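Presented sequentially are two complexes of chain A, the first with chain B as partner and the second with chain C.
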Partner chain A sequence: MTTDNATVPETSYGPVAHHFNNMGQQHATVRLGMWLFLVTEILFFGAAFVAYTAYRIWYPKDFEAGSAALNAGIASVNTFLLLISSLTVTLAIRCAYVGNRKGLIRNLILTTLLGTVFLGLKAREYQLDYVEGLIPGNVALTKEAAENVLRARADNPNLVVNNFNENLKVVLKHNGFQGVPGKDYDPSRVQLFFMFYYGITGLHVLHMVIGLGLLSWQIVLAMMGFFDFKSRYIYVETLSLYWHFVDMVWMFVLPLLYLCGPHTFGQAVEQFKLAIGLGSGSGH
Partner chain B sequence: MTTPTNSSERHADEFLSHTVPPTSTTLTVFAALVGLAMLALLIGFSELGPIKVLASLGCATVQACVLGYFFMELKQADKLTWLVVASGFFFTGIQFVFTLTDYLTRHLGVL
Partner chain C sequence: MTATETQTETIRVATTTPGPLDYTPQMVPPPEPTDAEDATRKNYLNYDYSLFGWLFTLDHKRIALMYLAAVSVFFLFGAIAAGLIRTNLITPTGAILELDQYNKAFTAHGTIMLFLFLIPVIPGVLGNFLIPLMVGAKDMAFPKLNLASFYVWFFGALFFVYQLLVGGLDTGWTLYPPYSSKYSHTNVLYAGLGIFITGFSSILTAINIIATVHKMRCPGMTWGRLPLFVWAMYATSIIQLLGTPVLAVTVVMLAIERLFGVGIFDPSIGGDPLLFQHMFWFYSHPAVYIMILPGMGVINEVLTCFSRKNIFGYKAVAWSSVGIALVGFLVWGHHMFLAGQGYYLSMVFALLTMLVAVPSAIKVFNWTATLYGGVITFSAPMIFALGFILLFTVGGLTGLFLGTLGSDIHLHDTYFVIAHFHYTMVGGMMFAWQAGLHFWWPKITGRLYSDFWSRLAAIVMLVGFALTFLPQFVVGYLGMPRRYPNYPPEFQIYNVLSTAAAYVQGLGYAMPIFYLTASLFFGKKAGNNPYRATGLEWQTNSPPEPHNFPETPTVYFQPYEYGVKDGLSVVEKLNSGTKSDGAQTKTVGATSDH
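Showing the complex of A and B:
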């Protein structure tokens, strides 16, 4: 190792850490470190997708029915929110690279806002799932499902029902799903699909929350002038790698969970309008 | 910039060999990703039958490749980074192949 590194170069690039030969090596190492972490994340989500694949191959019709009960409208909007946030975080790297502090802060704030809106819509989606009674297990019957059960019990007083199955039938009927429960799909197996839905999207939400925390931290650092050393753009780039990875996971979550079953564009629009309070439906 | 005098200053310029793409490139890639997302939704909202899942996953894979190659800067990455990424997908492949080989050959005809 040369002793020249003891001298801090008089440039606006910032100091090179003592254990690196030059800034290029330091940057390459920072990038490699984040990629090594992302590989562990690929394996982490990969395990969830492997389990999903096995069950979907076993129970394809039940997974299609489960997917038909999900809110494709919110998912579609969330897709574009994440794509735009990937754009803004990439623009933030450019701003840090050229020393544009205001642009950097603006783009980081935009990315954070878009991620927050994503999480807001996700929370609303989970709330609608709860209201519709789509929680695996013996949750409470919704009003319409309870009426259906009462009617069925009028003919068969000894009828035993599973509340999730009854709630699911109501949701699928409202979503226009053509399958007949018991014949085209098994409502009990749809609970498996919903375990994957809550598990995979829940993990994704957790990663988004962590990403938002890191973005907030970098906004504060940017305001303090940390990125005035242009070579420190690498830390914005490193964060962007994580953020793009979270977006990449969503690219596979969308077709596997949300678009696996039959959906139409009009239905997705109505579902989104319902989610933001403009729809005519009032829950089931 | 003055002529670098010591090896530290000469090497300090090496980080410039990795450049951040201009905004126009970023916007072009973004437009491509939006187009692919719309294609994914089009596939998802259509009734393609058995090939729907393959078409959806194919579209998602292309989206992921575009995102990784341009936005995640794999285009400029060194060979070690490519090796790390490839190893990630290689081990994910092992996850899929070995797990599914086990699970999908159990209870054959008894489900």
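Showing the complex of A and C:
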């Protein structure tokens, strides 16, 4: 009988915001709001992916070469971290729903930790890219690239080189990429790939940082104890929607950027070991 | 079973006062406000006078007024820039501005008018004020987000203002690379930041409106009973939600290119500037529907009220809004017919552009059919609304010239485009905005403005506007390109005509500032429903109280049930000699007696 909102009695628990009739309406509205925001976010990343796709269709070989220069080891480990964090954040919703405060705090903290480790590894990856001189534009030559250029200049004194291109050739040689620069791929177009790499991963990192901020806020709320589960679990749920979305974006970023070029398992393991300081020291 | 039913019935009776609809024709003078309405009762304006109460208010009505103030100031900025452009064009060699100053003037006019006026004006002011009232809610779904979206917008707007103060921008509002990314020495980054940030405000407003329409409707307010303004705002919000993030990313890529010297649209590393245009227009073409759809929504409300007729084809008008929103996303390529995009792609876009004319035409035909046989009163809002139909029809039809491949080659980048765009955006949106502002002014402020001055202003604006841009169709057809400060001397007569009319138009825009302000101090008290309109927003007090309605309303009627009592239209009743309806007049008289 009670189909009208006005006839639903006010629920006895939780603070209903002044402009809602009851908690059910409030929850439904908050949930819808987050889904709408995620629609916007899909278009946000979607635009970047579309631009990426256009260029990848035009320059498939160059994008393959660019991908081969990336650190697949760190990306693989990061993928596992994010997948596990999706599980922990889901467990957090369950805990909030049944009123398990300790479990909620534990799972939220776990999620935050996994996200933070992801960001740490990501920072290390950027730093390695910087050391390898893989920044488009005006970047210094690495040691090995400089030697290559000197050797080439001995034959042809008037040679003009692009520093990024020279650095890239060195990295690709180390990664065992089987392409001849200028013939199989055009190094300056790989710059285009790297613009996408920094742009898309940068946007993803930004979303991770915002997500971690929201997670921390929920941890503070839960620890301070004025967390009324029945009324506020919806905020944990919407937060987890956002977090899952950021994970899903990574599930697209990984194949688009890292898996579109050749990588071997052994090489990935080696790259990761090197990144966390356990490498054999044979790096460049 | 029966017990529950009885209980429900009692609750219904107790919580709802349906309030009989008023079928009196508009030509009858408005009902006098009763003493009860007149008293110094608590409303959203007088319950809290503190600065804090305004700046941090969560009341959608106060936020709407903050938008109104800010948007009006930015409109003034944009209008001054327009005045500079038109004045400069009086002589063939440029009357007052240097060449680079002229570039900056038209860029300032474009960016300010689009991002700081046309896009936020109706969603920000009327949308914010009216949507909760129209759906019978106490507030928007997310009041804090609503306030945040105002401040985000204002913060973004400050970047535009700063950019103007430190030297302006000369790329045109379209920001095409490689000029904007490599060659322009002006403040592209600040403008880009402004676009990025105001875009977020658009998104937040859109989320708020969609959630409000879905979840906050009062009992009885079904989708089929939503006022068409709400439908139009809903469609607008869909566009904002889907389009704005794409523009944001595009601007980010442009900024990267400009900051680091290497970028995604850079041809020297294989990038394609045309891709920028694709992504830019993917938002910016639907953005013109963001600007015009709310205006169309306003027109539905005004036309029905001042012709005392139900809207002709409610469902068709409602769904045509959604249709425009969706098809509008598929036509962006018609901006690039001559920019080097594929020939067959252009053909498809030309075809789809014709398709978007269909829902627009449905609206115009339905409005005309609504007027047919109605009892029309030429109040200021109605003059604006009729002006809208006239000017929008001209603007829309000339759009077909531009959407056709063959004629676009001749007309592309000429003043024909300028005239077309202004006929839809100013003739359409600006007139709809004025119609809406005048229509709901008594509800917003509780005061009636001068009938004579408002009607005069409407006519001055209409004449001034039509004469400003009509010569531009001609001069554009003759081949005068847009964005040039110089032109051949034989075009001078058209430009002088256009400039002179622009001053008349400016006079028209200045007039409401005076008589609307005067109405706040000297205006007659409006009463709750001076137009005898049917919308829910008219059933509450003027100005509304902080939480909109004394008690949650219940809706039993379609939104535009004007003049259909006892199955007879008002016209039929007038013709048959029975005076509109005695019973209703008696009710009004009875209440004003005590």
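The definition used in the following text is that the second predicted complex is superposed on the first by the 263 of 284 C-alpha atoms of A that agree within 3 Å, B and C clash if a C-alpha of one lies under 4 Å from a C-alpha of the other, contacts with A are read in each partner's own complex, and residues count from 1 in each chain.
The rule is short, and it goes like this: contacts are C-beta pairs under 8 Å (C-beta built on N, C-alpha and C of every residue); 3 or more make two chains touch, one makes a residue touch a chain.
Just so it is clear, the structure is predicted and the values come from calculations on it, not from any experiment.
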{"item": "Contacts of A:P255 with chain B and chain C, given as first, second, both or neither", "value": "first"}
{"item": "Which of chain B and chain C A:H19 touches, first, second, both or neither", "value": "second"}
{"item": "Contacts of A:I93 with chain B and chain C, given as first, second, both or neither", "value": "first"}
{"item": "Touching partner for A:W217 - first (chain B), second (chain C), both, neither", "value": "neither"}
{"item": "First, second, both or neither for A:Y130, with chain B first and chain C second", "value": "neither"}
{"item": "First (chain B), second (chain C), both or neither touched by A:L43", "value": "both"}
{"item": "First (chain B), second (chain C), both or neither touched by A:G33", "value": "second"}
{"item": "First (chain B), second (chain C), both or neither touched by A:D186", "value": "second"}
{"item": "Per-residue contact with chain A, leading partner among chain C and chain B", "value": "B"}
{"item": "Which of chain B and chain C A:A72 touches, first, second, both or neither", "value": "first"}
{"item": "Set intersection of chain A contacts, chain C complex versus chain B complex", "value": "2, 4-5, 7, 21, 25, 28, 32, 36, 39, 43, 46-47, 50-51, 54, 58"}
{"item": "Residues of chain A that touch chain C when the two form their complex", "value": "1-2, 4-7, 17-19, 21, 25, 28-29, 32-33, 36-37, 39-41, 43-48, 50-51, 54-55, 58-59, 62, 136-138, 186, 188-189, 191-192, 195-196, 198-199, 203"}
{"item": "Residue ranges of chain B in contact with chain A within the complex", "value": "1, 4, 6-9, 11-12, 14-15, 17-18, 20-23, 26-27, 30, 33-34, 37, 40-41, 43-45, 47, 53, 56-57, 59-60, 63-64, 67-68, 71-73, 77-78, 80-81, 84-85, 87-89, 91-92, 95-96, 99-100, 103-104, 111"}
{"item": "For the chain A and chain B complex, residues of the former touching the latter", "value": "2, 4-5, 7-11, 13, 16, 21-28, 31-32, 35-36, 38-39, 42-43, 46-47, 50-51, 53-54, 57-58, 72, 76, 79-80, 83-84, 86-87, 90-91, 93-94, 97, 231, 233, 237, 240-241, 244-245, 247-248, 251-252, 254-256, 258-260, 262-265, 268"}
{"item": "Complex contact set, residues of chain C against chain A", "value": "4-5, 8, 11-12, 15-16, 132, 137-143, 145, 203, 206-208, 210-211, 214-216, 218-220, 241-246, 248-250, 252-253, 256, 260-264, 266, 268-272, 275, 279, 282, 547, 552, 554"}
